[in-house]
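The structures come next, written out as structure tokens.
Here come two complexes built around subunit A, the first alongside subunit B, the second alongside subunit C.
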Partner chain A sequence: MSGLAESGFLVLSGALLAVGLFGILTRRNFVLLLIAIEIAMNAAILNFVYFAAFAPTSASGLAGQSTAVVLVGFAATEVAVGLAIVLALNRAKGTINVAEATELKL
Partner chain B sequence: MSLEELAFLVLAVVAVLTGTAALLVRELVHTILWIAVFFVDLAFLYFLLDAPFLGVLQLGVYAGAVTVLLLFGIMVTRKRIFSREAATGVGPAPVALALLTFVFLIATLGELPASEAAPQSYDPSALSATLFSVYGPWVLLLGIIMLASVSGAIYLVREGRE
Partner chain C sequence: MDGLFGWAFLVPLTYVVAFVIVGLAGPRLARLEWGGWIAVGAGGVAMVLGTLIGVGEAMAPGQWTNRQMTWLHLPPAGPFPNGFSLVMGTLVDPLSALMLVVVTVVGFVVLLYSIGYMHQDRGLPRYYAELSLFLAAMSSLVLANNLLEFFLFWEIVGLCSYFLIGFYYDKPSAASAAKEAFLVTRVGDVMFLLGIFIFFDLYSGANAGLGGWAANGFVFAHGNAPFLSASVLSHGTLATVAGIMILGGAAGKSAQFPLHVWLPDAMEGPTTVSALIHAATMVAAGVYLLAITSVFLGFTSLDDLLIVGIGGVTTFFAATMAVVHPDIKRVIAYSTISQLGYMVLAIGAGFTMVGLYHLFTHAFFKALLFLAAGSVIHAVGTQDLFKMGGLKRSMPLTAAAFAIGGLALSGVPPFAGFWSKDDILASVYSTLGSHPAYWPFFLLALGAVFLTAYYIFRAWFLTFSGDRARDPGAAHGHEGPWTMRVPLVVLCAFAVGGGLLVFLPGMQNLLLHGAGIPPTYGATDLLLSAVSLALAGGGILLAWRLWGNGRVFELAPSSAAQPMRRLLLNRYYFKIGYDWIGAKGVATVARAADFVDVYVIDGTVHGFERAFATLSDRARRLQSGFVSDYAAYVVTGLIAVFALLLLVAPYLLDHVGGG
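This part shows the complex of A and B:
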């Protein structure tokens, strides 16, 4: 795989980051906001995996893949906390619209 | 065009389209379906990059656990799960900002050195050896953060909290 696909992965990663940013800026539903953050985070993880695949040394390639593994774990943790906030917000306000969550208490 | 390049092109287009569709469809359950396709698509991209462990991890954690968690989040916060989202307008400013970010990122690509090497494959056993020796503190930190966040999540959703 060469040429097109090589820079193509970085173009795809940038496009996914832009899609995630678009979602974060426009959506008001908390679950959709979480999904947009996940899309942006996946763009970052894709970058780590891509650079690991074309790393000059074996140690640096394994370092990139290790980082990607840890990042997947962090992203899953973030979704768990985010959904707990969704449930708490829904119980307190009866809605998961982030525009109505104007105070930092339940 | 080689088979890998064709596969990459298809997967890349599907990734961008499903990611955008997940954010734009009105039915929230359809959002979950699109995002599931998005996660599986990224897993195939990892397989294409000769990272089988990451691909399986993506399938298990994202396409499996995260999708079910998000579906659960929608189910318990909606009286009817097939309820439509109130139409939220998409103003020109967020679209412009997202496009500007994309253009800016693409503009920096020209400085990358081009290489013709094939993607390097790493044995999952070598990966785990590195992960648990050199990056052991990271894994430990991840475990501690997971414990703290799950405790926090349980505290947040507990009934009868003061």
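This part shows the complex of A and C:
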């Protein structure tokens, strides 16, 4: 694990996460929100890949990489659902401004 | 006779049956005087049973019959190694037999009289039902075989008194009088209950003999003797306090000083109620309690002094108030308080049966006086003595009855009151040597003899003598129906002959329980009788001089006696005093308690209310509906969890890994 701490990949995935988080918290366009979620997810997936590169055994390395691939698939699924929600929202409210969908409250 | 005594519980049961029938079906029994005849029938049956028991007990000297059922039994525990039982039962002994005769006979007589007196009144089923309930409770009280049962029926009797005094409930003065009666006797009842607790404490465990007094249900007797033997009775301070508490209870019920204020106001009830409850029976319950305690439980000598004191003071004090009162019923009410004082005096001096003997004769002639007064009120329509007059021509029977009652009350031989009252005076006099402290109370009692004769004959002269009524507007007198006349005659017979009953051998058995009536009268006794007779005669004479033949004695407005007169008419300002205590003292406490209730307790509750409302309001605003806000919450939570993990990690690693 000699290269783990020295390489800057953690910084990369950390930065990607921060960008994604910022987007989740501030974007009002639903599609841009989905994009931000995707960015944050990809940051996590990157981490899997990165740690798999430094895996002690080839088996655990393979495990890490295959997990990353599966996760990409999950991400795609989730985006599909998210886009379906966008379409439904647009049909219901005529807008994709998230700030106008505030009925989930008491 | 033992078989009969076992059935003693039938007496109260008869009254209960009448109560149930009249209470439920009364409104439909218009032809039976709205249940009145049923009540009278039950009263008659009870009277027969009661007299049989009384006569039986008189003829079986020293036999006490105890019948009981255990209604609660607890297994041995704590201070009761043999378990603890509570019982309900009847005890027929000379005391209870004597009282039973009084209750059932006067009860029957009053019930019969009510048929005529209360005819055409409203709410009659309620009246007869309540009277029957009262008689049931009173006879049960008299027959009670243990102190707890006694207290239970004592309370029920007080409740019935409340109902009956407030019979005319839409009259504010009546409702108020009923409340007053209940509250004042309540003060006494609380003291009585405390007395029971103290006796329980005194006589439990090793002190009680025969396995424990309380464990046996607080019974009075075992076999033919008191349960608590004399050697067991303690004489310490606690015993004195217990006696004082019992005295308090008796003073409340029997309207002795200083709890006498309710009885005159109780005259708001129908006259028949006054005759039964406030002359012959309920107020006698207090005296009976003192008798029971002195025989079965025990008074210390300090208690005796207090009892003598209260009795003597009340006798005189009540008589003074009767002297000026213009209302015929209230004069008789004060007379009752005064005579009860005599009985209390006798019991305190150690002569329980002499006191009860006076209770026996007094019940009859006091009921007679009340019923005669009722006859007058029924005819004339007013209770004000100064509106009456000249009725002896139109109501000869009533006039004679009232006169006989008055003579009996004054203690003129051969009427009943002479024998019993002089017995009290003689007995108390005989103790003066060993108890010089009793002197002032004896003199008060003696003075009351004079006042008694005066006030009762003042009433008689104002009502019956003269040519015509003082108030021309008063209705003319006429005798009542036979249902009112027969009771008068019966009671006259008792007032005349009641004293002579003592010479029957059976009665001596009944009455010679404990300190008895001296079978022969000595010279001092005769002298004393002569003195009291002179006092009585003097009182009657003075009444005749002032009020006879239609004269009206007016006290000059500038007379020195006027302030005294006002004092007496205002009943020594006792009621005003008690009202003031209530208004200032009790009301202040009540206001303080109310403040605490509204501001402190309710304030706390409202405070919680407000706190939760504010909290929930703030919390609700977290749910803004904005997705970005929710996302922010998720992120915040996530960060918090990670931070926690970082903090806890070293400890986790210690447990999981090898260090």
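Structure notes:
In this text, the second predicted complex is superposed on the first by the 97 of 106 C-alpha atoms of A that agree within 3 Å, B and C clash if a C-alpha of one lies under 4 Å from a C-alpha of the other, contacts with A are read in each partner's own complex, and residues count from 1 in each chain.
Methods note: a contact is a pair of C-beta atoms (placed from the backbone, for glycine too) under 8 Å apart; a residue touches a chain by one contact, two chains touch by 3 or more.
The shown structure was predicted, so the numbers you read here are calculated from the model rather than taken from an experiment.
Bringing the complexes onto one copy of subunit A puts subunit B beside subunit C with no clash. In the superposition on chain A, A:104 makes contact with subunit C only, while subunit B stays out of contact range. When the two complexes are overlaid on their common chain A, residue A:25 makes contact with subunit B and with subunit C alike. Comparing subunit B with subunit C, more residues of subunit A are touched by B. Minimum Cα-Cα distance between subunit B and subunit C in the superposed model: 8 Å.
Judged by the document's definition of touching, subunit A residues 21, 25-28 lie at the interface with subunit B and also at the interface with subunit C. Residues of subunit C that touch subunit A in their complex: 620, 623-628, 630-632, 635. Contacts from subunit A toward subunit B in the complex involve residues 1-23, 25-29, 31-32, 34-36, 38-39, 42, 46, 49-50, 52-55, 58-59, 61-63, 65-70, 72-81, 83-88, 90, 96. Put simply, subunit B touches subunit A in their complex at residues 1-2, 4-5, 8-9, 12, 15-16, 19-20, 22-23, 28, 31, 35, 38-39, 42, 45-46, 48-51, 53-54, 57-58, 61-62, 65-66, 69-70, 72-74, 76-77, 85, 88, 90-91, 93-95, 97-99, 101-102, 105-106, 109, 112, 114-120, 122, 126-127, 130-131, 134-135, 138-139, 142, 145-146, 149-150, 152-154, 156-157.
For subunit A in complex with subunit C, the residues that touch the partner chain are 21, 24-28, 33, 98-99, 101-106.
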